[in-house]
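Here the chain labels run A, B, C and D in written order, and each chain numbers its own residues starting at 1.
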Amino acid sequence: MIVILKEHPDRTQLDGLLQWLKDRQIDVHPTVGAHQTILGLIGDTSRIDIDLISALDIVEEVKRVQEPYKDANRKFHPEDTVIRVGDAVIGGGSLALIAGPCSVESEEQIIGIAKAVKESGASILRGGAFKPRTSPYAFQGMEVEGIRLLLKAKEATGLPVCTEIMDVSQLPLFEDIDILQVGARNMQNFSLLKALGRTRKPILIKRGMSATYQDLLMSAEYVLAGGNPNVILCERGIRTFETYTRNTLDLSSIPSLKTLSHLPVIIDPSHATGRSALVPSMSCAAAAAGADGLIIEVHNDPPHAKCDGPQSITPAAFGKLAGDLRKIREALKGGGYR
Amino acid sequence: MIVILKEHPDRTQLDGLLQWLKDRQIDVHPTVGAHQTILGLIGDTSRIDIDLISALDIVEEVKRVQEPYKDANRKFHPEDTVIRVGDAVIGGGSLALIAGPCSVESEEQIIGIAKAVKESGASILRGGAFKPRTSPYAFQGMEVEGIRLLLKAKEATGLPVCTEIMDVSQLPLFEDIDILQVGARNMQNFSLLKALGRTRKPILIKRGMSATYQDLLMSAEYVLAGGNPNVILCERGIRTFETYTRNTLDLSSIPSLKTLSHLPVIIDPSHATGRSALVPSMSCAAAAAGADGLIIEVHNDPPHAKCDGPQSITPAAFGKLAGDLRKIREALKGGGYR
Amino acid sequence: MIVILKEHPDRTQLDGLLQWLKDRQIDVHPTVGAHQTILGLIGDTSRIDIDLISALDIVEEVKRVQEPYKDANRKFHPEDTVIRVGDAVIGGGSLALIAGPCSVESEEQIIGIAKAVKESGASILRGGAFKPRTSPYAFQGMEVEGIRLLLKAKEATGLPVCTEIMDVSQLPLFEDIDILQVGARNMQNFSLLKALGRTRKPILIKRGMSATYQDLLMSAEYVLAGGNPNVILCERGIRTFETYTRNTLDLSSIPSLKTLSHLPVIIDPSHATGRSALVPSMSCAAAAAGADGLIIEVHNDPPHAKCDGPQSITPAAFGKLAGDLRKIREALKGGGYR
Amino acid sequence: MIVILKEHPDRTQLDGLLQWLKDRQIDVHPTVGAHQTILGLIGDTSRIDIDLISALDIVEEVKRVQEPYKDANRKFHPEDTVIRVGDAVIGGGSLALIAGPCSVESEEQIIGIAKAVKESGASILRGGAFKPRTSPYAFQGMEVEGIRLLLKAKEATGLPVCTEIMDVSQLPLFEDIDILQVGARNMQNFSLLKALGRTRKPILIKRGMSATYQDLLMSAEYVLAGGNPNVILCERGIRTFETYTRNTLDLSSIPSLKTLSHLPVIIDPSHATGRSALVPSMSCAAAAAGADGLIIEVHNDPPHAKCDGPQSITPAAFGKLAGDLRKIREALKGGGYR
């Protein structure tokens, strides 16, 4: 951590700061210039509250050198985290395909889609039971009944299931769910993250619409610091000024997050683009960039989906896409840029 | 609502759509051009799920004409909503000052600040008990004890109190709190919004860092649709590429939200800018632009605040500022641009 | 175009508007609702100034249905534009590799790199002579001498050359340059675009840091409308709140721009990410998503490059990357999502 | 400047860097930690190319401590820059009102508006002759004839005039223009900035839509470094995800830019919001926040303006607004937050 002091800092305040740092086992190395003094802090600064120092009258600016996350940091955990649920593997060089409808709508629908996507190579089934919707008047999901139907589809196909949890109070309902998803709008719902840190379930955290990589990793850190090592990071588009796509899919997140962290990184091209026509090309791009997986909305009848129809692809399109993804990974075998 | 059809739409699908709309009491007026057909939909389209129509193969694009919120819409509620808590009034032309520390830290601190800000003209006390912090290692607030101390300060000064609720499960703790705040990171925590809609407490909703005015009004709609009419909107800066300020304070939100909605609009210059030096000028700007109130961080000893010290001003600075704000509103009396 | 009228529009003003539209051969189809009247305009609205109508007292909002660009619009030009310079082909399914240093620094440097990248499969040489630099104190390029050395490298290798033009007055110097690049900061330098529209040179237009797809296509339209059909679109990252990468590379631009327009779309992963470590994976992603080409910074000695060293890769890394790109395109042959 | 080295840096490379810095009269103070070494650089680093250092293999990151601009920096020029044109004063505590139509349309129009705004207290006339328009099919301004009419209005009223220059080649036409405006889209047209640095005219630089404060100040630095000290900074809204307003007006720029720089800061609420209804409240806000001036679009007949009608206010509205602005500044006299 670097502390840049204002010109002519008050001596008493400065001494107070130096003592405070010493008490925390931080070594201070000053660089004194004509106009400016810089303090280099050495030690474990990850647990120091940067705001406490910034607020001092004598301080012009504080800059972090070390990342503020530790358990999520590749520097301290060089090996890839690999998460196994049932037969599925996420992380460590494989490409996991998570597929299914935006919302569970009926037993027939969810089992039908589950069978179709399994056939095409998906290893995990997704489907929304509790749906975060911008409008209170929009369909909010089948809720508890949706969870029940998802578990039926799991039974019918053997696929592990992934679905979104919206509130701490829902946790008991998710006992048999394999992967719990934290939605983009809840990425900084710290009450929820803390509760999930107390479980040992795989937690798929979606990047918030205005979250930096560091913000996402800090949310992961909440879960990890709670003792749950099973975190999957998911890029699903960030909010920018561009309105043609629903959000802007940030594929640089793949190599960036994998450099900064050991956690698996998957991509959600469906929510990111909001347009089914863009899903196949963005999926191929993600596979080529080294993603650990994809989460794709597949619906048997997109025009009549109860939500997010415009971004769903059909099982047939998913089948063709899965083939292309395999070819890309095959072509890059032995190479790759991770 | 406007539906723009693709060229040469399939006749059967089009008939299906027309029937579906008719079933929902929507009148359809087609405009047929050489290359394009446009359907104008007339009726109550606020409860129609735009995604259902967008997903159809025959549809190129759907554009809303009418706003998707109803209870929050000034068109249907032309009169300003005015919220009264104790002696404080929010809305309807007054300028409510909500002031206090980022975090409650001790009985002495919170009562001391409460007295000081009351003296200077604040009508509501703020103070964080549950703190949403980006890092799991940062101070998370005094929690239940913080609530207790806030209520002591209320008792000591008669000021109503405002503090943040982070999770549905905390609701019982907030029984004596006057205004419940929903933080920016929870603006789309729909479980929480629904629960708050079942209370009759004033709810102060902070705009999310990447929320549009419409998103914010839709979150308000969740509370209003639940039967709770007491919603206060709060602008606290949006996330942009500029890094000198913590966020970018969007003061155009004041006249814009007040045009779109009847709900009171208050401004949080402390969190928006993250720099105490900018708080006074941005507060004056908000007052001049017609804000219904300000929520300002005031700390007796900013450099030693347990969080957000860099953005807190002292009680003395708050006193001077409150005087300037009164002068601005006095100067604009009889005028104003609301 | 859709015109949404305010409630109870003034009759005289409305008649004035209807007549004005009639004079411009626009047919008007009104949809009259209880609270709102909508006018559907049919005809060639691409040359109607939307602001003229929006400003009317009786108008609440105007929404475009038809795109405001015509010559760049795929609807009117369904066939891919294919641009040929020397032996290089851009557009129509091939993957053109444009490579070279950020800045031309010496004859030895530029000829050396040109030979190396040609060897590895680049079909066009890039190199900056006039450099747009944020700081007036940074190296501004070799200017005229840089152009001369680029042409020497062209002579030595047979590669066509691409370099940036910053001002109309420089045009005579670019007579022998094969592709003229308009930088992101000049994307809306309309004086420059008009001048380039009067040439017949291929013009590579970089997307501005805050330009939408439509903005970029409107800038292309300036060149096309001038009579020059040879425009190449280039995505090079947009400005967002994320700071780990220099900009956020928006790969959805590939399928999106190719849907909206017939012009070739190439990707610049070097400027977008600002980090050489991310260039290979983002290049592979672009190739998998169907880009028509890549423009990549290659420098024989990145640490000593006179500008943008952190984002340049070595000739050896480029050679390996070019091989991987070929494998990806080979793998997707016959498929593809364009 | 702070250089953060990677773990175990190569000794030879490090020695090379240290020598290179020494040659540039930069003192280096190392801070050696267990995992990390930080170099503190002391001396005039404003002219050091940060990219040259970042590109080194041994360097993890470089952070600036000192601002990269010098002539625009308040640290080195503590006194406010005050610019005088005719009777108008910009900077140093006054509030200059620059008003006029978006475009000059006729002699009658421009003289009529000039007289009206002078009457209401404007001290400078604005009016576009060369108009940067997104569409090649939109009205591009009266060009040379527009300049001639502006000068006629200057003659008729005595008001100095301000208008936009789009290209270096237009410079001779602007000989009698008092303030030359650089548009947001040209803020990083460095060829133009350099040319304007060779004049001694006041240059009003509009902040680009995605420009940080630092970017804007670096563009100012181009003019100042050329020897022209007369630069006015203008905030006109930045591009964000919010679409209700054309851009997001960033009023924190007023106290921020005035802290960082000695140059005057003015606000353009018309282009920022794109809605005339928001102009008065945002103007009042800017005045309350300490702006040195406002540039406001005023049109005698907004619905028939040839461009940007939706954001223009009438002379009558401007008159009332000017009165309110005076009252606000009067109310804050002796106080203020600059």
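The criterion applied here is as follows: a contact is a pair of C-beta atoms (placed from the backbone, for glycine too) under 8 Å apart; a residue touches a chain by one contact, two chains touch by 3 or more.
In this text, all values refer to a predicted model and were calculated from it rather than measured experimentally.
Between the contact lists of chain C and chain D, the overlap consists of A, B. Comparing the centres of all chains, each the average of its CA atoms, the largest separation from chain A belongs to D.
With centres defined as mean CA coordinates, chain D is found 31 Å away from chain B.
Remark: chain B and chain C have CA centroids separated by 39 Å (rounded to whole angstrom). As a whole-number value, the distance joining the C-alpha centres of chain A and chain B reads 27 Å. Touching of two or more other chains is recorded for residues 210, 238-241, 243 of chain A. Here chain A touches chain C in the complex through residues 210, 212-214, 238, 240-245, 248-252, 254-256, 259-260, 272-273, 277-278, 280-282, 284-290, 320, 324, 327-328, 330-332, 335, 337-338, going by the rule given at the top. If you check the complex, the residues on chain A that touch chain D are 2, 4, 27, 29-36, 38, 40, 42-43, 61, 63, 65-66, 75, 239-241, 243.
Looking at the complex, you find that chain C touches chain D at residues 13, 46-47, 49, 51-52, 54-57, 68-69, 132-139, 166-169, 185-186, 188-192, 194, 208-210, 215, 218, 221-222, 225-226, 238-239, 302-310, 312.
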